[in-house]
Amino acid sequence: MKNRLSLLAGPYVVWMALFVVAPIFLVVIYAFSSAGGGFTLDNFAKMSTYWVVFVRSFELALIATFICLLIGYPLAYIMAKEGPGFQRIAMVLIMLPMWMNFLLRTYAWMSILENTGLLNQFFQAVGIIDLGNLINGWLNNLCAGLNDLLGLSLNTARDTNMEYFKMINTSGAVVLGMVYNYLPFMVLPIYSVIMKLDHSLLEAARDLGASTGRVFRKVIFPLSLPGVLSGITMVFVPSVSTFAISRLLGGGNELLLGDLIERQFLGSAYNAQLGSAISLVMMLVVLICMYVMNRFGEGEEQAVML
Amino acid sequence: MAKELIRLSDCFVQFDDDIILDHINLYINDKEFLTLLGPSGCGKTTTLRLIGGFLKPTSGEVLFDGAKINDVPPHKRAVNTVFQKYALFPHLNVFENIAFGLRIPKTESDGKKQRKIKLSEEEIQRRVMEMLEVVNLKGFEKRSIASLSGGQQQRVSIARALVNQPKVLLLDEPLGALDLRLRKDMQNELKRIQQQMGITFIYVTHDQEEALAMSDTVVVMDGGKIQQIGTPEDIYNEPKNAFVADFIGESNIIDGIMRADGVVEIFNRKFQCLDKGFAKDEPVDVVIRPEDIDIVPESEGQLRGTVTNVTFKGVHYDIIVDFYGFKWLIQTTDFCPVGAVIGIKIDPDGIHVMKKSQYSGMFGDYSSYSEEYEEISDADYDPDAEEEQEEGDEE
Amino acid sequence: MKQRSSILDRLFMGLVFFFLYAPIFLLIIFSFNDSKSRTVWQGFTLDWYVELFQDSAIMSSIYTTLLVSVIATVVATVAGTFAAIGFYNMRRRWRNPLITINNIPMMSAEIVMGVSLCLFFVAAFGLFGTAAQWLNNTLGTNLPTRYYLGFPTLLIAHITFNTPYVVLAVMPKLQQMDKHLVEAAQDLGCTWRQAFWKVIIPEIKPGIVNGMLIAFTMSVDDFVISYFTAGSSTSTLAMTIYGMTKKRISPKINAVSTLLFVTVLILLVIVNVREAHQAKAKNAARS
């Protein structure tokens, strides 16, 4: 009986071999080929030029993941404490933005963060920008005084005539875009793991004399780690490889790995070999990170998907 | 008198390198209640699956009404199965579960032509309602499966099988998931249904009490082999070897030497018994049931021992008595305090002599298999191993 | 988890939801703005919606998106369901590596998927071209020798990244299913095929529906993989939006967002109300 039904997977296995395994194989081959077709390691050597991009990508993705965890965990925890009716609404509210195209969500932030954007208009109206100018002027004076007094060379050229805060086209805006887009991916797995916790475990812990804080530290948090780990994966991987977010909110100043790869394939600097090599290295680093993390968390659980 | 219905002839089953059934020969009569009894892994479920058609023997023949059915698929066999955990379809209600088999159009070929036979809706309605009555579930037809208790699910599962009017009903540990009270009730219920329907039941269980209470014939299995076939009385009173003696009921199994026909020596003392036909001075296993031992004053006893443990069991006491370093279990209605020195007497018909077998010496001084079995089976239970075995099916 | 949540908890939750929704609401508000500006309110208008429906590029990309999503979802649902049943019935030493491969498209970065498929298609087209050339020369046929990325490659890519989600949604349902159900069906007279349709499929239907929804969402939402596999002549809605954000920014985007948001909102409300009803009915039946 077992074997006859297993044949149903046949077509899909062929499909995977053709459109999943073969393409990845091709990426590996390209990564080790020169433009002429011979074997070479040049592509990897060339990559050292882009060292700074690698560092920036991983740095921004790490920051975004950390912020997502910082916001997502408490949110999931609070949601899990609520009644079922409220939970349902909260779930819909978390999922709803995910259903809108992420380009639209990112685009929404463009109009908010622009120099003449809504946030700056708001700051202007409330007077925060004037306040900023005031503080900058005050700081300039203070620093100048200190410089005179102690012979330091502190910055005294802070802008005192700002008309807006520069928010768009900064790495901060890129991180914001990542957090905004991928926060639900952090909340959902953590929430579903906390929801599945055996309630009697918590009661047992309380019965054994643990305080609420202790129950959380010693029982809830360790048991929710699988959710945290898959949340981290689900935020980190798209963050580190994104390219549209950096293009829209970073204005191209903050080149990320995704942009770099995209340029090698569809941009003006066509170099599929180099692009493949970058993709390969990026994926390897990500895989190593995930492996180490899973080892550390002993989480054998597969990523808890939607 | 009774007509033979099913015969397993020299059936051998092997998965990879494991021999699951070792050349089994067995016949089953029409209208018989036959129980396959044995510990887990003894091959009893495999035997059932051979008959149900979920498994083909590696070699040997399965005969039904004299015809070989090795290659007949399950859906064409005149047998139906009640599965271990009921295997009810959760997406259908009680009525539709029972009607499931009736709604499958049967193809009937008479030589050349193939006709599809479909039962009318009234016929289905009538037969399902009839079955609901048989299993005492009238009024439950619209209920969802999830809303039923274990016992009720069990009844639905029996009705679902019986409604197809099989010649044989196969039951794979059907009461295993029920609690003790319910199990006792269902035992009577099953026996009643079997007699009412007048069909063959083949019942698989590891519970010896269940087997003794319900069966016409008990087949004790272990290690892929049949250890003994007989009526419940035969099996209990005349176990063929130490395994059967130990598995069925509680027993003291002692080494003895047959000195002559009707005389067996235990602890260098001669006892009268009824067994004959052994060689002179042949080493044997001697089984003495705990309830066959009479406690007498020390001076009148055939053997003397010290009471080391007393447990009150309601109707009787279980006492453990130390005889020259060997511990025996005795069931008695007389209270004996721990430390008391007592004598015992055993009537000749209380002593059962068996030939030595591979099982000799495996069971300590006394034993109650079922308790040990529960412990062993709990400890060894490994769902993956089970799955691996299943995956070997049909290979 | 019965502890009451404090006001602080509620406040925190409110802030996060404000963070999630404020941008979307601003987007919606400015879709009605009577000006090209995305930041200065100049009065109410529906002009952008009118223009949106007259914009052939946007309309055709919506059509492309829906078409590719629907076809890819149907194919992925069928293939994924069969594949899950097949995997489930395999011996473990085959099943585990295949499931790992199945997880690759979900676990790896989208851009890597997109790039690898792009490379693969270009390489395959090269081979096709050479083969066609050879056939043309030897047999005198008139096959095209150059092939381009387009709707077919887009569709293949979507099926490839959709199917794993269906497999992942169906597998747990199979694992929850009582192993003996299929045997029970056969025992009651079903052939293999009947057992499949009458028992397995109804049992795992919730998983199939779930997988289908996820697949459709992923397809509609996808940008990165489409971007690398659709070529220059075919464009999904996400790609068109990306193109618009790069060049002239028009409030038509806001109008698209609004329509999308409202559609999704209505769908989600319907689904949830239905689910709530079902849950209630279930509870009622049990008590």
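A, B and C are the chain letters, set down in written order, and residue numbers restart from 1 in every chain.
To be clear about the criterion, contacts are C-beta pairs under 8 Å (C-beta built on N, C-alpha and C of every residue); 3 or more make two chains touch, one makes a residue touch a chain.
Worth saying up front: this structure is predicted, and the values here are computed from it rather than measured.
Novice: If I average the Cα coordinates per chain and compare with the overall Cα mean, which chain comes out closest?
Specialist: Taking the mean of all protein C-alpha atoms as reference, the closest chain is C.
Novice: Find the chain most remote from chain A, comparing centres computed as mean CA coordinates.
Specialist: B
Novice: In whole angstrom, what separates the CA-based centres of chain A and chain C?
Specialist: Each chain's C-alpha centroid was found; their separation is 21 Å.
Novice: At what distance in angstrom does the C-alpha mean of chain B lie from that of chain A?
Specialist: So the centroids are 61 Å from each other.
Novice: Could you please state the distance in Å, as a whole number, between where the Cα atoms of chain B are centred and where those of chain C are centred?
Specialist: 54
Novice: Find every residue in chain C that makes contact with two or more other chains and list them.
Specialist: Residues 91, 183.
Novice: Residues of chain A that touch two or more other chains: which are they?
Specialist: In chain A, 1-3 touch at least two other chains.
Novice: Could you tell me which residues belong to chain B and also touch two or more other chains?
Specialist: Residues 54, 390-391.
Novice: In their complex, what parts of chain B are in touch with chain C?
Specialist: It comes out as residues 52-54, 73-75, 79-81, 83-85, 87-91, 100-101, 104, 106, 144, 146-147, 160-161, 164, 388, 390-391.
Novice: Give the list of chain A residues in touch with chain C in this complex.
Specialist: 1-13, 15-16, 19-24, 26-27, 30, 71, 74-75, 78-82, 88, 90, 92-105, 107-112, 114, 116-118, 121, 180, 183, 194, 197, 199, 202, 212, 233, 237-238, 240-244, 247-248, 258, 261-262, 265-266, 272, 275-276, 279, 282-283, 286, 302-303, 305-306
Novice: Which of the residues in chain C end up touching chain B in this complex?
Specialist: Residue list for chain C touching chain B: 91-92, 178-181, 183-191, 194, 198-199, 202-203, 205, 285-286.
Novice: Spell out the residues on chain C that touch chain A in their complex, using ranges where they run on.
Specialist: Touch residues, chain C against chain A: 1-5, 9, 12-13, 16-17, 19-21, 23-24, 26-27, 30, 38-40, 79-80, 82-91, 94, 98, 101-113, 115-120, 123, 156-157, 159-160, 163, 165, 167-168, 182-183, 192, 196, 214, 217, 220-221, 223-224, 227-228, 237-238, 241-242, 245-246, 249, 253, 256-257, 260-261, 264-265, 268-269, 272, 276.
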